[in-house]
Structures are given as C-alpha cells and as structure tokens.
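Pasting the structures here.
Next come two complexes, and both contain chain A; in the first it sits with chain B, in the second with chain C.
Let's look at the complex of A and B:
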C-alpha cells in the first residue's frame, strides 16, 4: 500500500488521465474559433486538352490560386492542408472530384498565399466526357490540430468550363 | 500428529486460495481490457479503432508512432479525407489521403485514388494487382475500405 511501486503506479495513471483530459479540452477550444477565410481561383490558360491512348480525356491548366486562411488557424493547429479540386458530373459518374493541386501551410504567417501554377496532379476523366464540361473549382482545407479532432471546410467557385473541342 | 497435519493443511489451503485469487484477478484485468477494446470496435464501427502510424508518408501531419482513432460513418468518402486501408493480402494499415473520387450514379459504387501527403507519387503502384476496383459504399467493413481507380495503363 505504501510501496514505491504502488505510488508510482498511481502517479502514472493520474498523469495519463490528466493528459487525456487536457487534450480533449484543447480540442474543444477549437470550436470557439470563428473562421472567415477567403479565396479566389482563376484559370488563366488551358495548356492542352486531348484524349489519351487509353481513351480518357486529360486537360492541363495554368491557374492562379489565392487565398487567405489565416483565420482558420488556432493555437492548437499544427498545420492546414489545402487542396484544389475540380468537381464535375458526367453521365457515368454523378460526382467526380479530381485534386489538381495541394499544399501544406505550416503556420499562420504563411496562410495568406497566391500561387501561379499548373496543375500538380493530372486532370483526367474516367472516360471522355470533358469536352464542353462545366466544372467547379473548390478550395478545400483541412485543419490538422496538434491534438484532437480534425475539421475541414471549403469554398466553391463555379462558372468554369472546358473548351468544346480538344486543343 | 493430528495437530501438525491440521496446521500443514490450513497453510496449504491459504496458499492455494491466494494463488487462485491472484489468477482470477489477473484474468479479470485481461478480460476488462478485451471488453473495452471490443466495445470500442462496436462504437466506432471499425475493425481496428486505434492504429499506429507506421511510415513517414503523411509528415508533417502524422509522424511515425502517432496514434489515430478511427471511425466509420455512413457518409460517402470525399476528396481530402484521410482514410486507413489494407492492401489485399497485406496486414499493414496504410494511412493516406483521398485525392480522386469517381462516384457512380446508379450503383452507389465509388473509385478512389489515395496519396500520402509526403509522397511524390500517388498510390497506384501500391494497390495489389487486380485488387477489387469498386466497392459498394454502403457495405464497408474495414476502417474505411478503399478501392482504387483502374486507370487502364495510364502513363504515370
């Protein structure tokens, strides 16, 4: 009852319980944060647009992705993972989401950015339905905390469309 | 003689009783741990509700040795979500992010492509040859079962 081992055991259990409690409270504090992010996505140029040998359409875009995600950071944020997805519908698939570009924002200071880039990942369709296709470009971000629950949100920009013919 | 025999007997019975009592306590501890684990499996709906990150493919978000709590929901899997899956025939759970989603209209099946944040390449080469390409979203069993996109010899 009064041995070192017993006391150590109690100490350890209490320490772990307290740690778990602190992590939970830290995670809950994230809910208090009200974010007001903004984003602007422009497609500057369609570089090429063709059908691959396997029959799937592929398009390459040059875009400008600007956003201000500073308000999504809290004291409990380790990093924010942000990516741009092209979302569209085809006859075969009622939802297609293709991630075109992503980045990791490690700190609040770097959360206001403007990238001029071509798509990092290939924009290919399952099939060849992309001609004249209207699509949304949605900026998604996932806030990854130091401890606790991850949460995510997005901004949708509509009104983009691909050319009627291959380039 | 009878007195000595009685003392020996009583000492033996105490020892046996203590021993048995310790065995039972130990068994109780082991079974409680098992009950908690199974209850967690039930609550989260996942076959393995707690996993450890094994590789550096999701750095700096998840480091090797980090513990993740998983759950399955009825919601469809969307791009950007982090999923945990097993490649057919392997036991190691892979923790990666979904970067492409193609969801069918009629059959509620979905094709997904995943990639680790810290990897340069997506997981195309990781999936087993002929691994089942599509899965009915509502029949998931493992953590978040992921099936890959068949890109038909697409050049990488």
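Let's look at the complex of A and C:
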C-alpha cells in the first residue's frame, strides 16, 4: 500500500468483486418472487387452410391473445419475452411445436395485454396431417433478468381443433 | 504514506466499500430499482477512491525515523570477507 498505484489496484479489485457478489445476490432474490400469471387465448377465425405446392399443410388463424404477466416482473427484470406455440401430435412425430407469434414486454406496465392478431409466423406442418387435428395453444414466457438466471414458464390451453376439410 | 497511514487507508477502503455495497443493495431492493443500486455503488466507489488513494496529510501522522547521516557513520556497514583460502585449495588440486 506504499504507492497510489498499488492502492488503486486493490480498490478496483475489491470494488469489482463486491459488485459481482451484489449481482449474484440480486439474481438469487428473484427466487423469492411468486408469480401468479393468467392467460386466455381464443381462435376467432380460420383465414385459410390449404395444401402448399410442396405438399405441406398450411393454416392461418386470427387469434385474441390476452394475458396478465405483471407478477412475473421483479426489480431485476429487464424484459419478458412471450411467445405462442401450437402443439399437436402426428403419426410421424410424437410432439410438434410451432411458434405462431411472439412479443417483447419491456416493462411491468405493458405486461397486461390483449392482442388481436393473425399468426406472425406460418403455421405449416411436416406433411399433410392437419385436417381435423386437435392442438393445444401454449403461451410461453421467458423472464430475462438484468443480471443472473433466466426463468421461464408456460400456460397451456387445450381444446382447439382444425376443420376436417381445407378452406 | 507511513506504515500507520497505509494500514488506515486499507481498513478505510475495505470497510467503506463493504458498507456502500450493503447499503446500495438494501436501498435498491427496497425501492425496487436496479439502476439506483448501481448509481449509489458507483458514487460510493468514487468517494472511497478520493479518500483512500491520494496521499493525504492525515496518513502521515507517524513518520518513519530515518537515521541522520552522522549517526549512520558511527555504525558502518560490515565489509564482505575475501575468500582466499578456498581459491588456493582449488589450484592445488588441479596440479
């Protein structure tokens, strides 16, 4: 500690170590938060349902996605990434998951939302087994922190099914 | 800085940094603002730098007593002994 360079070195090292500790404890404090989110997804209309030229089925939906994710936000949350996935079973695959829509919620105030939208990404199948198919619409969300571990969770809504014939 | 001053500087540095870290975290957690925690901590680090790094006068209250030159002359440094005995032994073995 005999020169100012040495003292500056020690100070910066200790300051950065304490900063790392603070960030680790901040991330641990996220576990104390108990979230109680809710979601409701309605399929309002089937816009089209046909077979593409390459033989795969494609369907376009108009949906109303509404959710309240305010309780998932903590002091250590930067944003919440939310996406809607359709899940169904075919002969070829035990589980097919396809992302239809996503959004970034940057703050707690915008976490209670209701979007009336068509699917942002194409709902296509590997093959043509979508006629009359029962599927789940699942809302997934990832809580992205400012520092530390990211948590994710989801809500499943069942009971949706596609028409028997192409539209 | 003298020895006591260095010790004081190190203690002040460690205690103040720890206090600012705990205080910043507690304030940020209670308010719910991550940015406030970072700002308080950054301000604290700057403050601690200003207090402990420069060579302030209050760190020189117990200066070291260097000997005067006249006092030093009374106690001369011991001379290093010439190693003549070992070198002569080596010469004899080579012959």
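Observations on the model:
Quick note on the criterion: the second predicted complex is superposed on the first by the 166 of 167 C-alpha atoms of A that agree within 3 Å, B and C clash if a C-alpha of one lies under 4 Å from a C-alpha of the other, contacts with A are read in each partner's own complex, and residues count from 1 in each chain.
Please note the rule applied: a contact is a pair of C-beta atoms (placed from the backbone, for glycine too) under 8 Å apart; a residue touches a chain by one contact, two chains touch by 3 or more.
Keep in mind it's a predicted model, so treat the numbers as computed, not measured.
When the shared chain is aligned, chain C comes close enough to touch A:76, but chain B does not.
Once chain A of one complex is fitted onto chain A of the other, the partner contacts of A:132 are absent, as it touches neither chain B nor chain C.
Of the two partners chain B and chain C, more residues of chain A are touched by B.
When the two complexes are overlaid on their common chain A, residue A:14 makes contact with chain C while staying clear of chain B.
Within the superposed three-chain model, A:4 lies in touch with chain C and out of touch with chain B [touch as defined at top]. Residues common to the contacts of chain A with chain B and with chain C across the two structures: none. Looking at the complex, you find that chain A touches chain C at residues 1-2, 4, 7-8, 10-11, 14-15, 18-19, 21-22, 25-26, 29, 75-76, 146. Chain A makes touch with chain B in their complex at residues 52-56, 78-79, 81, 83, 85, 92-99, 102, 104, 106, 121, 124, 126, 140, 142, 144, 150, 152. Listed in rising order, the residues of chain B touching chain A in the complex are 60-61, 78-80, 82, 97, 99-105, 111, 117, 122, 149, 151-155.
Within the complex formed with chain A, the chain C residues making contact are 1, 6-7, 9-10, 13-14, 17-18, 21, 24-25, 28-29, 32-34, 37, 41, 45, 48-49, 52-55.
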